[in-house]
Structures are given as C-alpha cells and as structure tokens.
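So that we are looking at the same thing, I have put the structure below in structure tokens.
Naming follows writing order (A, B and C), and every chain is counted from residue 1.
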Amino acid sequence: MLDTIERSLIDSASLAGPDIRSLVARRRKGYSLEAPFYTSPEIFKADMDLIFHRHWIYVGVEPDVPEPGDAMTVQLGEDSIVIVRDDDNAVRAFHNVCRHRGARLIHDYKTTVGNIVCRYHQWTYKLDGELVFAEHMGEGFNLGCHSLKPVHLKSLAGLLFVCLAAEPPADFDAMAERMSPYLAPHRIADTKVAHEEDIIEPGNWKLTMENNRECYHCAGNHPELTVPLYAYGFGFAPQELDEVGREEVERYSAMVESLHNQWEAAGFPARPVEHLDDMITGYRTERLPLAGAGESHTHNTEVACTRLLGDIQERRLGGLTFHTQPNSWHHFMSDHIVTFSVIPLDAERSLLRTKWLVHKDARQGIDYDVDNLKSVWNVTNAQDSELVGFCQAGARSQAYEPGPYSVHTEDMVDRFCNWYIGRMAAQLGV
Amino acid sequence: MLDTIERSLIDSASLAGPDIRSLVARRRKGYSLEAPFYTSPEIFKADMDLIFHRHWIYVGVEPDVPEPGDAMTVQLGEDSIVIVRDDDNAVRAFHNVCRHRGARLIHDYKTTVGNIVCRYHQWTYKLDGELVFAEHMGEGFNLGCHSLKPVHLKSLAGLLFVCLAAEPPADFDAMAERMSPYLAPHRIADTKVAHEEDIIEPGNWKLTMENNRECYHCAGNHPELTVPLYAYGFGFAPQELDEVGREEVERYSAMVESLHNQWEAAGFPARPVEHLDDMITGYRTERLPLAGAGESHTHNTEVACTRLLGDIQERRLGGLTFHTQPNSWHHFMSDHIVTFSVIPLDAERSLLRTKWLVHKDARQGIDYDVDNLKSVWNVTNAQDSELVGFCQAGARSQAYEPGPYSVHTEDMVDRFCNWYIGRMAAQLGV
Amino acid sequence: MLDTIERSLIDSASLAGPDIRSLVARRRKGYSLEAPFYTSPEIFKADMDLIFHRHWIYVGVEPDVPEPGDAMTVQLGEDSIVIVRDDDNAVRAFHNVCRHRGARLIHDYKTTVGNIVCRYHQWTYKLDGELVFAEHMGEGFNLGCHSLKPVHLKSLAGLLFVCLAAEPPADFDAMAERMSPYLAPHRIADTKVAHEEDIIEPGNWKLTMENNRECYHCAGNHPELTVPLYAYGFGFAPQELDEVGREEVERYSAMVESLHNQWEAAGFPARPVEHLDDMITGYRTERLPLAGAGESHTHNTEVACTRLLGDIQERRLGGLTFHTQPNSWHHFMSDHIVTFSVIPLDAERSLLRTKWLVHKDARQGIDYDVDNLKSVWNVTNAQDSELVGFCQAGARSQAYEPGPYSVHTEDMVDRFCNWYIGRMAAQLGV
C-alpha cells in the first residue's frame, strides 16, 4: 500500500511536473541544486522564460558583423534573433520572423545582405527593420504597421548582449561603467574572429556554468589548461597545506599584489570586482598572473599572436577573466581574447560557443597559427563537456541529493546558484 | 515580480497545454492562425482526434489495389488501416490489428494476400474481415465475435477516402454527385500508378495545406511550376496593375471564358465550384488553361504521356484542380493525374504523398518517361517543403503573431483556416 | 458537437494522462491489458516507480564480477547501479553517484577498480562504499556522512537480484529456499559468461514478458527453437486433437512422469513449482525433456559444451526453466545456462540482455564453440523482437482492444498480467 506522500509524489510527477516554487524556496545554500533543476523539462521552460528571456544574454562580439550589411543569427530557445550592422554602422537586433506568414527570414549563421527579403513572398525590410515592399496586399494595407520586431541590444566594449524582455534589467549600465576600463585596452572593436567552434555539452546549462565557476576539477582533468594557470589562484583549504605549501601561497599572494599594482599603474585595471549574486546583471572580473612565460593561455604559455591587441606593448599582462550571469565567461590576454557563451538547448543539452579573437590586422600563418591559438581551450572544452555529462547522468538518479560545495574552491559555483535561485524567486514572487 | 497574467501563462503552459477552446473562439479572420495551432503537441492531438479521425481523409486511388488480393496500408496517426480488394472486386478498409493479441497484420505498404494471416499466432481472416481460423482457443471461443474492425471507405470516381468516425460526415455524397462529372472523363479506374513519392515536410500539416492554397509564393520560388501556369489564374491586386497589366488580365479572362465554354460543350465540366468552408466535407474545383503548349504540367508544357486518359482525344484540356479539406489536392490533365495527400506525423512534421497516374495501358519508355512525368512536381514539392520549414521555424518564435492574408491572392488560405476553425469549433462545442 | 464522454476523454488525455487506478481496477482476467499499459508514458513511469523500483529485479550473475575489484554497472530507468566484488569476496551494490556534485562514478559496463574514484574532483570510495578522500573540503566536513548509497542485493545460487526500495519484499527468501535445490547442481558460481548480447526490442517491457510466457507462437515463428522443444510441453486444446494427437499426448505425459522420477532420484529436482501470481516475488520452475538427442538447446539438440556444469555426468537432463516476475527467465541444461533479463527503456522500447554461461574451465574452440552455443537463442530473440514490435504497433491503434488469451496455451501470460495488475493495485491502494 502506498503512503500518502508517495502517492502525491507519483501524482504530481505524472500530472503537473515539479513544484518550482517550493524547490526555489527551499534551496540550501552551499549545496548543489536539487535534481529537477538539472533534469526537468518544466524547469527548463521556466529557465528559458524567466532567466534567458528576461536578462541580458551574451551572444557574440561586434567583430561578428564587421561591415554594414553583415548579419548574424542567434537562436535563444525557440527564438531566432538577427543581429545586423546598418549602413550607419549601428548594430541592431530583430526577431528573425516575417510579419506576413511568420517565415524565418535569414537562414545562415552569418551572411551579408542589402535589405532583408523574405524568401516566401518577397516582403522586404530595410536594415532598421522597416517594411518597404509587400506585393498584392491591396489598398487597406499599411506597410508602417509591419516592421520587424526589435530586440534590445547593448554593446559592452564590443561584447554584444541581447535581452528579449520588454523592459530589460537597468543595471547593465552600472556593469558597463565599471567594466569598460578593464576591457577597453584589449579593444574588441579592433579584433577579428580568428576561429570559432560550437560544441553541444550533454548536460543542463547550469551544470556547464557550475563547471566553469571552479577549478577544483582542473588538476585532475585539464593537463593542458593547468600549464598557464597557477593552482593557488583558484582556492585551497589552508589547513591542508604543509610548510612548503604555506610558503608557496605566501609567494603567490605577494606576486599577485605586486602585479596588480604594476598593471594598474600601467593603465590595466586588475583588482577583483565581484557582483556575482548581488546584482540582476551579475558579473565578476579580475586580472591574474599566468605561469611559465606568463604571456597567454597556450601550451607553451607564450603569446599565440605576435601582433598584440590594441596598443598593448607588454606581453605579460596575465589573464583578465570576466564572468557574467547567466551565460558567459571571457579571458583577455595581451595577444588574444577567448569568449564563451552558453545557450541552453533542452533540459539536458547545452550549446557552448567559443570564439578566439586576435587583432584585426594579425595575419594567419605569420602573426598567429589557428591550431596553436585554439589548442588549450578546445581540448579543455572537450574535457569539461565529458564532466558535465557525468553530472547530468548522476542528477537523473534517485540517489542524487545536493552535495556540499567546497567553501575554499567552489564559492563561485555557490554564487552562481545564489544568483540563479534569487532571480527565479524574484520572478516567481517566492 | 511576475504579474498575474504572466504567471498564469507559465502555469498553463507547463501544466495543461494551450487553451484550445479560447484559441479557436478568438481566431481573427483574414489572418494566419495563432502559433500554438502550428506548434503545440496538444493541438496536434486535437487535430488528429477531431479533424483526421472524424472527416473524410483522402488516402489513395483505386489503382493502388488493382487486383483481388491487392492490399495497401495507410498510417493515420497511430492507426494503421489496410485497404484491400476482395475477390468480388469490392475495395474494403479494416483496422490493421489482430483481434487476439493486437499484433499488426500487414507490414508492407503494398502487398498481395490470399487471406489476412496474423504472423503471431496464425489467426486467419478473409478479405471481408471474417475470422476463419484460430487454433487452441478452446470450446467457448466464438470466431464470429472476432472479425476485423471495419473502417468507412468511399470511392469518388476512383479517389479513395476513409473515415475513422463511427458516423462519417453525410455530405460526402453531395460532393461526389457534384464532382463526378468533372473527374469521370479522366477515368481514374483505368489508370495505373506510374510513380509515387513520399517526402516529410518539416512543418505542421496546416502549413503544408496553407502553402498549397496560394500561388502568391510561386513567382519567387517555383521557376519550373510557373512555366505551365498563368500567373493571373492565382490572383493579383488590381490597383497594382499598370496599363499593360490591365490588358493582359482582360485577355486572360476572355481566354478562360472562351475555354470554359468550349470544354463544357465537349463534355469536360470546367467552371469553378467552391465549398471550401461551407461544407463539412469542403472542396473546390476548376479547370484552368495552361500556358505555352497548354497541354500539361511538364517542363515543356506538352503531354508527358502520349497515351491520353480514358477516351480523351484533345491534349489541350488545361488542368482541372480539385482541392479537398482537410488534406488533399489533385491535378487532372489530358494525359496524366497528379494526386497529393497530406498525413500529419507530429506537430512539426507532415508526410506529403504524391502519385502520378497515367493510362493503365501506357508504356514506360515509349508512351511516357517517368523522369519527365514527375519532374515539375517533384522539384516543386521540394521547394514547398523548404518554405513550410521556414514558417514552422518562425511560428515557434515569441515574436510570431498572426499576419494578414492578401485578399487578392490568399483567399483560399483563409478559407482553409475558416474550415479548420469551424470544424474545431463544432467538435469542441465552442 | 462533442458529447460529454468524448470531451472528457479529450480533456483527460491532453491534460492528465490515463487514469491508472481505473485501468488497474477494471482489468478483465483472461484478456490482454488495455492499450495504455503498453503505450502510455505515464504508466511507464508508474511501472518504473511501482514495479521496477520496489521489487527484486534480476540483473546478472556472480560470474559477471568473478574477482575482487571487478565491477559491473546496470542501468534501471534513470538509476545506474554499480555491482562490485570486494576483497572479502562479498558482492555489493551501490548507486553509481558521487556524493559531492553527483557525477556518475563508473562509466563502463564492466571494469576492474582498486577504489572507486570520482573523475570530477577525485573523491575516493572504498569497495564497501566508504568515502576515504575528499580534498579542499575544509574543517567542518565529515567524510563519514558521505558514503556511497547502498542498493539491496541478493544472490540466488549465483543469480543476482537488486531492489531499489527502502524495504524490499521479504518473500525473496522463501523463493530462494524453494529454488536453491533446483539450481544448485548447475553451480552458477563455477561458470563463466561465455557470451552475452543486448538487443533493444521495439515494444513495452510487458509485451516482451508476455511473449516469453507462451509458446503458442513458436510453431509459426521459431523453426530453430522448436527443434529441441516438445510442442506438447506448452499447451494445446484437447478437443482439437485427433486420434493420433491423443496418443502422442499420452506418450509425452508418460515420458515426462518417468523422467521426473528418474531426475529427482538422481538429485535433480524436476517437478513444477508455480507461484507466478500468488507471491510478491513471483516465480515458476519445471524441468522438461528435450526432443531429438535430448541434451541441450542447440541446432542438433546435442550439448554445446562437452565440459558439463558442476559435477554433472548425465547430458540428458532436459531443460530446467526458471521464470521470475517481473523481468527474467532462465534455461539450465546439463552443459550450459542461458539467462535473460528485461530492462524497460521507455514505454515502447525494452532492453533484452542474454548471457550464455558454461563451466569456468571449459575452453572456447575445444570444449565449446560460441557460435554454436548462442545460435538457437540469438535467432529466437530476433524473431521475438519482431513479434513484440508487431504488438506494440497494434496497441497504438484506436482499434486495439484486449483480446482473449488461449486457456490452453497462454495461461502463463495471464498469470504474468495477474501478477502485474495485482502488484500495481497493491501499490496504488486500489
């Protein structure tokens, strides 16, 4: 005989999906999320509606559409967005949907257009979205009422964010003001996309994000990435250190302090800024030293591109990391930028899109080699994807229960979850 | 904080699917349907239950089962139907399900059988459905209670329609009476299926139908199909015509009037009959002139088969088009017939089955060449399939909203939607 | 206009899935189950929750993990279970989920390990499940609270059963006591897995089980299997026998009676024991003579392995069949054992895992040939898989209705359904 609680579990599972409000309300800080956050199609839908359609989502860079008429499409859930540079050099975003029969307008990831012409019945829109031609529609038809629907778009020093909400979060501008000095010297607008790659990770988007937010797993899984990184930059338990370890930590801390002073004096802001879970548009940044030659995220820790970014003269600028909630991280070195966006596909699959940027005048084969440029993060992404799949498989199990985050090495994971739960609670009125 | 309407939208989406009755009730005439009609699995299920299981569905032609014992299976949603010609030449339809353990009986699309024998335990049925053998069933077992379950089937001049309802719509006979004189001279019963082809279109079945119901998109998308067709036959906005255009329209109208008189005098009914949205079994027909040589739907507008249909002597009979609601269209020329049925597969995929019929005595390679016979519609189907996919992609977007149909060129699309909404409203008691 | 019953059917189908309690309560004995039991995702979920997570499930044999450190993973629904032999030779089962971030621990079907180490952050568990290493977790962290979660596991003479319930059914021990003397002479612990094979059958797991529980379909579908089997061992309708048939049945019955006496006297229990539908842990066994040479399930009815099992000297021991509810059957001959487990994958797909065991000292190519060993059941499984697919296709049809089981040849099918419905009723409180 089934007891009442079990019966209600069966009923609620088969009839109504998980009780999102209860799950949000009872989240235990310092622990991973309950399983339905990673597995439930209903929560995935809520994530799309409440997180990805109401917050600023990082989708690409200005150099994705370098010239007037250049267009790029981005798929966010069921919504296709076209980002296009107009003749006045303004970059705009529209829903990629014809106002006549609803046909998708642009089908390629990247293309160049004069006007935007629907393939179905040749309705024609200018690059500012205005409908300028529609045959056979008769006398009562008003072109002006059928412009493309705009999507909010902002550029933060060349990083493009879109927001599908009617009223986007207003604190983007505060982030932009604080972050611009950090990013400006790397001059994204003067870069080009030297390479980009998409992989589909076999897990919920939050597992992809959580995996990014800690390097506890690096030593055991990323032999290539750990070459340019200092392990002590990503946390440790002080009580586990022996005498040698304590000395190493002291030396590392002194080096960071010294480099922060040196970089900031040279016009490269470096000290951490963290608003991962106390802003609607959450973010974090810090410039950290690199190991070995100390120049870049490469196998030999030297620059991948000898033509440095912007007006930079110094190769040893460390790595400036910029994290945003809910879906991006970025590494800025003296010679190149690696930028990552996570786009949820369904409850158990996520797109990870990685772009490698170098100076727009850098020459492939001379100033840089693409294979070398992409090698560390390409293999690291593949390793992370496998780990994400392990967690997804585990989250499906009845035996899964939220486990404890390491207070020393997984605090940014916890802050990601805090941000996510906080935003869900606010939207759901919990 | 979420407002009440948004919250209820989230709840209803995750819990209960769309509110079909409201969507049906509020449909705006002259506009495409709201998105859930194209995307929702719940509405797809309602479409199958209320439209495809309660109306006359076109599934094939008598020449699909030309001889006694010939059988054809048709899959309608989850239901497999076997259509078989009995020794008395009657064509009958049954559910393709054994009355013992429910096994599917016939597994091929087309085959020839003596009796219908279940592969599982050899239960054996005659071609009229009667169970005549079942081993081991013991003394209390009554063969007579375990006949195959029949499916309603009607032939309209050789076109086969089935209905899964207990009581099929009665107005089929009115359609048959009106249409038979139009179709009779093409003598379907004396044709053979020279070729048939299935494609899966990446869209809801209604988008496939809507695409068929207008030629506004033809000029921009069908370079092959527009060779034998006169553009003016499919609508235009008078106010957009210049002097030359107005003269062309006058000449075209005079030609149609003259040919209608001529064809009807020769025994080939030609004038339009339209009951697309005022009958349960909706349909439309008209015989229209063809361009160029004026003979057939081919690349060179000449007949594809030199052996004409039935007793037809005149090659220039134009094209008789016959549309039925919900799922078919047919083109009858002097030399061949092309017949199309649409079978929904799921909310976002539809099967388009096309058959090309020629006189049963026509010889492949001598009287006709299959590659030539199928070429115009094969490439046209592929083009249409891509357009349907564009609309399906757009309908998923939150930016999609019903767009205006051209009153000059998309009136049959509107009538299709009127019929569909009307039938849904009647079934749902809206 | 829709009548009330039809409308409620539409509503309940689209909103809430089938009413499982009503379906369970109204099941008609002697007939196959109503369609939703074979097709509904909701009932599939209930089957996993109420049947597969609350009963003893057969998953493999002790020789799957012959040595300390050998591990095998088994997937039951969303749950991955790791079965491992510890250094003390005890075989234990755990949930294959790390207690930290929930990552799956062991990824191979079979492997050998020292400890169980999580790939993600190197948390390390002993083979008894105890957590012995977790870096960076700080001072408040208690290793002892984060052991692997155990899964109940029992061995019946070497056959391994697991149960995911907190309190497994207690009557396993009664089955074990009754069955051990039947199985002991075949000495599973002294065998090895000579071959194993997985196929995915295109049907609900209950159709796979029902198909196994009768041989009414054998004559028409299994030309290889019927060579070693006597048809009369699987039922017949007495009134359908002619004079010759009646004499054959008498001879067969006398032979069985004589062999049962002979085998039991020699220490091989043979007479039937049946508790298929009157125990929570339902089962049935019987030793039956084989046809032809009478030795084994092979094409020539002779032993496949000349090294007999355990201390067996006599090749002609017939075939001991052991059926368990809900998911296994086994054939024990003098020379080899074939053992089958059915694992549901979704409402319409099931994994059938077959293992062929021979004496652990038997030599491939000398004492036995794998191709010969597996040939009868390999081809029989493929034939059954096709039949299961036929029934699954039929069950989806609106025309499907429960059909009558033959009282003479399908009584074990009926008992399987009785057991299933009884267990569902007990769990649901119907």
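Observations on the structure shown:
We take it that a residue touches a chain if its C-beta (ideal position, glycine included) is under 8 Å from a C-beta of that chain, and two chains touch if they have at least 3 such contacts.
According to UniProt, the chain labels map to these proteins: A, B, C = Rieske 2Fe-2S family protein.
Everything quoted here is computed from the prediction, not taken from an experiment.
Rounded to a multiple of 5, the C-alpha superposition of chain B onto chain C involves a rotation of 120 degrees. Where chain A touches chain B, under half of the residue numbers in use are shared by the two copies, so each contributes mostly different positions.
With centres defined as mean CA coordinates, chain B is found 47 Å away from chain A. For chain C, no residue reaches two or more other chains under the stated contact definition.
On the side of chain C, the complex with chain A involves touching residues 16-17, 42, 45-46, 49-50, 53, 78-80, 95-104, 107, 119-122, 135-139, 141, 146, 149, 164, 426-429.
By the touch criterion given at the top, residues 1-2, 7, 10, 13-15, 32, 35, 210, 216-217, 220-221, 235-237, 239-240, 387, 390-391, 393-401, 403-404, 406-409 of chain C touch chain B in their complex.
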